[in-house]
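Residue numbering begins at 1 within each chain, and the chains themselves are lettered A, B, C, D, E, F and G in the order written.
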Amino acid sequence: MKAFLYALLAIGAVFNGLGAFALIRFPDVYTRIHGATKCTTFGSIFSILAVVIYGFARGGGEGGTLAVHALLALFFLLITNPTGSHALARGAHRAGVRPVGAVVDRLEEKR
Amino acid sequence: MGNMPFVVSMLLVAIGFLTLIARRNLIKLAIGISIIEMGVNLFLVSLGYVRGGIAPIYTYAPPEAKTMVFPTPQALTLTAIVIGLATTALMLAFAVVIYRHRGTLDAGKIRELRG
Amino acid sequence: MIAELGFLVAAAVLVGYVFVSMGRLAAGPTTPDRAVALDTINTLVVATMVLLGAALGQMVLVDVAIVYALLSFIATLYIARYLEGGLR
Amino acid sequence: MTALHVLTLTLVVVGAALAAWFRDLLASVIALAGASLLLSLEFYLLQAPDVAIAEAGIGAALTAAIYILAIRKTRPKEEE
Amino acid sequence: MLVHAPILAIAVPLLGAFSLLGVSYISRTWRNVWACLIAAFTSAMAVAVAIRAYTEGVVVYALGAASPTQSVTAGGFPIRIVLVVDGLGAFMGLIAALTGVVALVYCFQYLREEEGKNLGLSLLLLLWAGILGMVYTGDLFNFFVFLEVTSIAACALIGYRVWESRPPEAAFKTMAMYTLGGLLVLIAVGILYGEYDALNIAYLGKLIAGSPLDRLALGLLLGGLLMKAGAVPAHMWAPDAYGEAPAMATVVLVANTQAAIYAILRVVFTLYGGALASPGIGWLIASLGIATVLVAVLMAVVQRHLGRLVAYGAVSQLGYMLLAVGVGAVARGGFGEVALTGGIFHMINDAAAVGLLFLVVGAVRRAVGSVDLLSLGGLGHALRWEAGFFLLGALALAGIPPLNGFASKFLIYESTFRASPILAALALLASILLLAVVVRAFQGTFLGPRVREASPAPRGMLVAMGILALVIVVFGLFPGFFIERIVAPAVQAVLTGREAYLAAVLGG
Amino acid sequence: MKRWLFAAALLVLAGYLLGGSAWLRPFGGPIRSEMDRYFIENAQAEVAANNVVTAIVFDYRGYDTLGEATVLFAAVVGVVLMLRKVKG
Amino acid sequence: MSVVVRTVSRVVAPVALAFGAYVIMHGHLTPGGGFQGGAVVASVVALLVVAFGAERWRKWTHALLPLEDVGAMAFVILAFLGLGATFFRNVLAGSGGLFGAPVPRLGPNPGALNTAGTLPLMNWAVGLKVIAGLGAVVILLSLFGREDG
């Protein structure tokens, strides 16, 4: 049980770290959005799942509350995070930020 | 860490002062005042912290904990936060109206605001 | 319990990542870069808050994380809308 | 715990300093929102969930929205 | 009912301000009637509180307790917010009531419906309630809250004429200064709370020992309040605000700055009266006061905007009050008592004289549409009453003998002379210069050949001006009576009333 | 000139505040605590609220909250006043 | 904004409204209260404004300002209720009836919704006021300058 929780936490920490690393190392806005959002969302799933499992295992009124609220937070995170990054990518494209090294821009052609 | 939160809150206040001094844009001045407000709020809340205390809420409080952090500064800070928001909103409304009249937000270019 | 210490360490690691994201916020050549950094910080802070709620053993604290998860993207939407040239 | 406090407080100061330092208003507001977010985390660490929620709702969402609206309303016309 | 008078004087105008917009949906007449009822009730309550405070001693009202006088718990320390009205607070309440009623009477015909009169009336009531809350409260944080109420309501009123470019700018500037001052006060409240875990002024006054942090808090409180009052290093907002605000708001704004002076008195004499009663603070305030007087008068000489000219006159009067407060804090008794008598009496005189001038300026602006001295002239033919009122106000402002300004200024000169002859000479010089300035303004505005037509002010506005003119004349004719009846208790409350204040709140 | 004076005053003040924060008692160890102890011990019995902060905000210091609601009301009225359309 | 954002807003807005109501309603039990819940709901108004454009909500301002009046007046009147003893006296606490129950037990407990006297009512009043006020500010600020280009 404890090892399982630690594994979840470790996965979460690693993926969040990858997200932050992507934010620093990637060359342009779009790759940064891609890397950062995907990795942090994925990592947060595992981190919060650890808390949820911990809460259910603890049981009782407080453990259940903890688990349900953590699940709720996870749910909102899962809904809002991709939406925000989508809107941001769209806004960046409209604002005229070019991808680095792009040869063709299909989104621009379609308009 | 000694009293690092106090020092940090006063550092925030100092940063806000620097913003007020160094920048002439009206919205930037509002941002500076917001930073000062953040510093003051942090100051008030950290005044109420008691080492090892839990949040002053009895619902599902851990039964083994004995001390609670002080609730009064939190109540004061709530009031201060809302006052800060009200101030910010009003200042920004002024800034928007000034821009409509003058076409600029540079305090140095607006005669009334110089000096 | 040892598990609580694990949550605490994980939270500390996440806060460390916030430092890295703050670097992008400071450096980011364009505004979208900074907005991405803000978005990342949001996610990391929400995860941190949930972990800390478990680590400190106080259930009521997790409500803060929910509020963040709900509201943090509104600022992102406003920035995106600004960049799109909306909000006239 | 102490390490968390120190890290968060440092981040708050960095965010506020960035907000004061940027000349671009939008970047400044983004940094301010980030500082406000981390301030809320610090309130959370200081066991003040009421204040943290207020700072979250007001500092992160509403203040940023109001600031961005005001910046949009005061952008020079030729900069479209 | 009279037991609840202190809180009713604050809560009723708040309720009135909240409900005014709703009532205005019914009809404008009902809205006006409602506002008048609120104003009458509020001023009646303020007078009732004053009578109680003058006759029975300090009035205490604990909010939310089982009974109004139960201000402390079993442990002997105050928990709830306490309203405390001593002689000084009662006196300030009277000033607030006077200016509020005058402003309300004036603004019914001064504001136009299509400009947003509902909002203006509502903000005026809020500002009024905020001033009353500031002067009646006995709690430091609550004082800050009401400071912010007055700040925001005042700034919104300053920017009332949004269709011109300058009012919003003046409002922004004022807002920045007010907010900065308020935040300094808040930091001071935080420091005192952190040291003593108390927020009640009386309890803090008992505890404060004069440590370095207490000194820092005192400096912050004084700095914030001087910013709010518009003393010299931070006076830039005041002329803009006074010059651009609608006239009825300016009258209440004057009362607002005086509430800041009241707070300085409260801080120096009640909060810090036990521990840090050194004359150094007094000298600091007095020198700031004389600097304010000189700078304001010199700036008034070069103005060509009538509103700003009168505004600088108002700032200079503020300097006189600060001078009196400083001299009072230097001596604390003896000639300090004379100085405080002069200073506190000057508050109500200043509210009347400066208020009257601003009301006349507002009437001129309404009649002519401009207040540029170069384009005015000869208005005395059309605006007879206004010309008379302006002359009366100007002479009272400059301290010409039969009027009320003379009595209070004479006391200030006399006591200042005993503290420092140079300061008194400078103050006297500034007063003469001010006389020249206002007489020139009067001549430039009202005398000379008739150059244009102007419609005189409607009757409501004239009534408001008449009330203030009556105050000026009556107070000038019988200064001794009023000093003895309403000013002396306030002075005693400041100088020797500290023990009574503490005992009334903390019991025994 | 005036502006530089003001700037110098603010800078001196900031220095004093930074110094003062070092004089303050150590973080987390308040010296006096009678008022807050009263609140923590009696809020449940007197106000019947589990959240002590809410008990203070709306009961013990409810008058502050009234003032603060007034501030918000005044600000909203002010914003409406600023952004209104003026006829004529 | 794009279809994605609008769709997500349609999902998030009701949930956030419910959560805001929860925060207001449980103000005396869990962290939160009138201001915090009001801020959450006002943020939802900001979300709607940004997602669907401000023009759709123009008529709301006429409803929001009276609503703010109602909230503020309800708060003051609740405070006036205590005038039998003193202003702001919590007359309902411990009186039985609506919200008059004592807490289940002193010390840590799961909490009961019908406690705390006038506090929940005041929470609702302040919440209404904050929602209406801040929502009106956001809508007005985003509508400013629209009509004359």
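Throughout what follows, a residue touches a chain if its C-beta (ideal position, glycine included) is under 8 Å from a C-beta of that chain, and two chains touch if they have at least 3 such contacts.
Please read all numbers here as calculations on a predicted model, not as lab measurements.
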Worksheet item: Count of steps on the shortest touching-chain route from subunit B to subunit D?
Response: 1
Response to the item:
subunit A and subunit B share contacts with C, G
Item to complete: Please identify which chain has its centre, taken as the mean of its CA atoms, farthest from the centre of subunit C.
Response: E
Fill in: Selected pair, greater C-beta contact count between E-G and E-F
E-F
Worksheet item: Just curious, how far off is subunit G from subunit F if you go by their C-alpha centres, in Å?
Response: 21
Practice prompt. Please report how many Å separate the Cα centroid of subunit D from that of subunit E, as a whole number.
Written response: 37
Fill in: Computed distance of Cα centres, subunit G from subunit B, in Å
23
Worksheet entry | In subunit A, residues with contacts to at least two other chains | 61-62, 65, 76, 80, 83, 87, 90
Worksheet entry | Multi-chain contact sites of subunit D, meaning residues that touch two or more partners | 49-50, 52-54, 57-58, 61-62, 65-66, 69-71, 73
Worksheet item: By residue number and range, which residues of subunit C touch two or more other chains?
Response: 18, 31, 35, 37, 49, 59-61, 63-64, 66-68, 70-72, 74, 77-82, 84-85, 87-88
Worksheet entry | Chain-chain contacts as defined at top | A-B, A-C, A-G, B-C, B-D, B-E, B-F, B-G, C-D, C-G, D-F, D-G, E-F, E-G, F-G
Fill in: subunit B contact footprint on subunit A (complex, rising order)
61-62, 65
Fill in: Touching residues (chain side subunit G, partner subunit B) in the complex
29-31, 33, 35, 103, 107-111, 130, 134, 137, 141, 144-145
Discussion item. Under the stated contact criterion, what part of subunit D meets subunit G in this complex?
Written reply: 49-50, 52-54, 57-58, 61-62, 65-66, 69-70, 73
Worksheet item: Any idea which subunit B residues touch subunit F in the complex?
Response: 1-7, 9-11, 13-14, 17-18, 20-21, 43, 46-51, 56-59, 68, 70-72, 74-76, 78-79, 82-83, 85-87, 89-90, 93-94, 96-97, 115
Worksheet item: For subunit G, which residues are in contact with subunit A within the complex?
Response: 1-2, 4-5, 8, 11-12, 15, 110
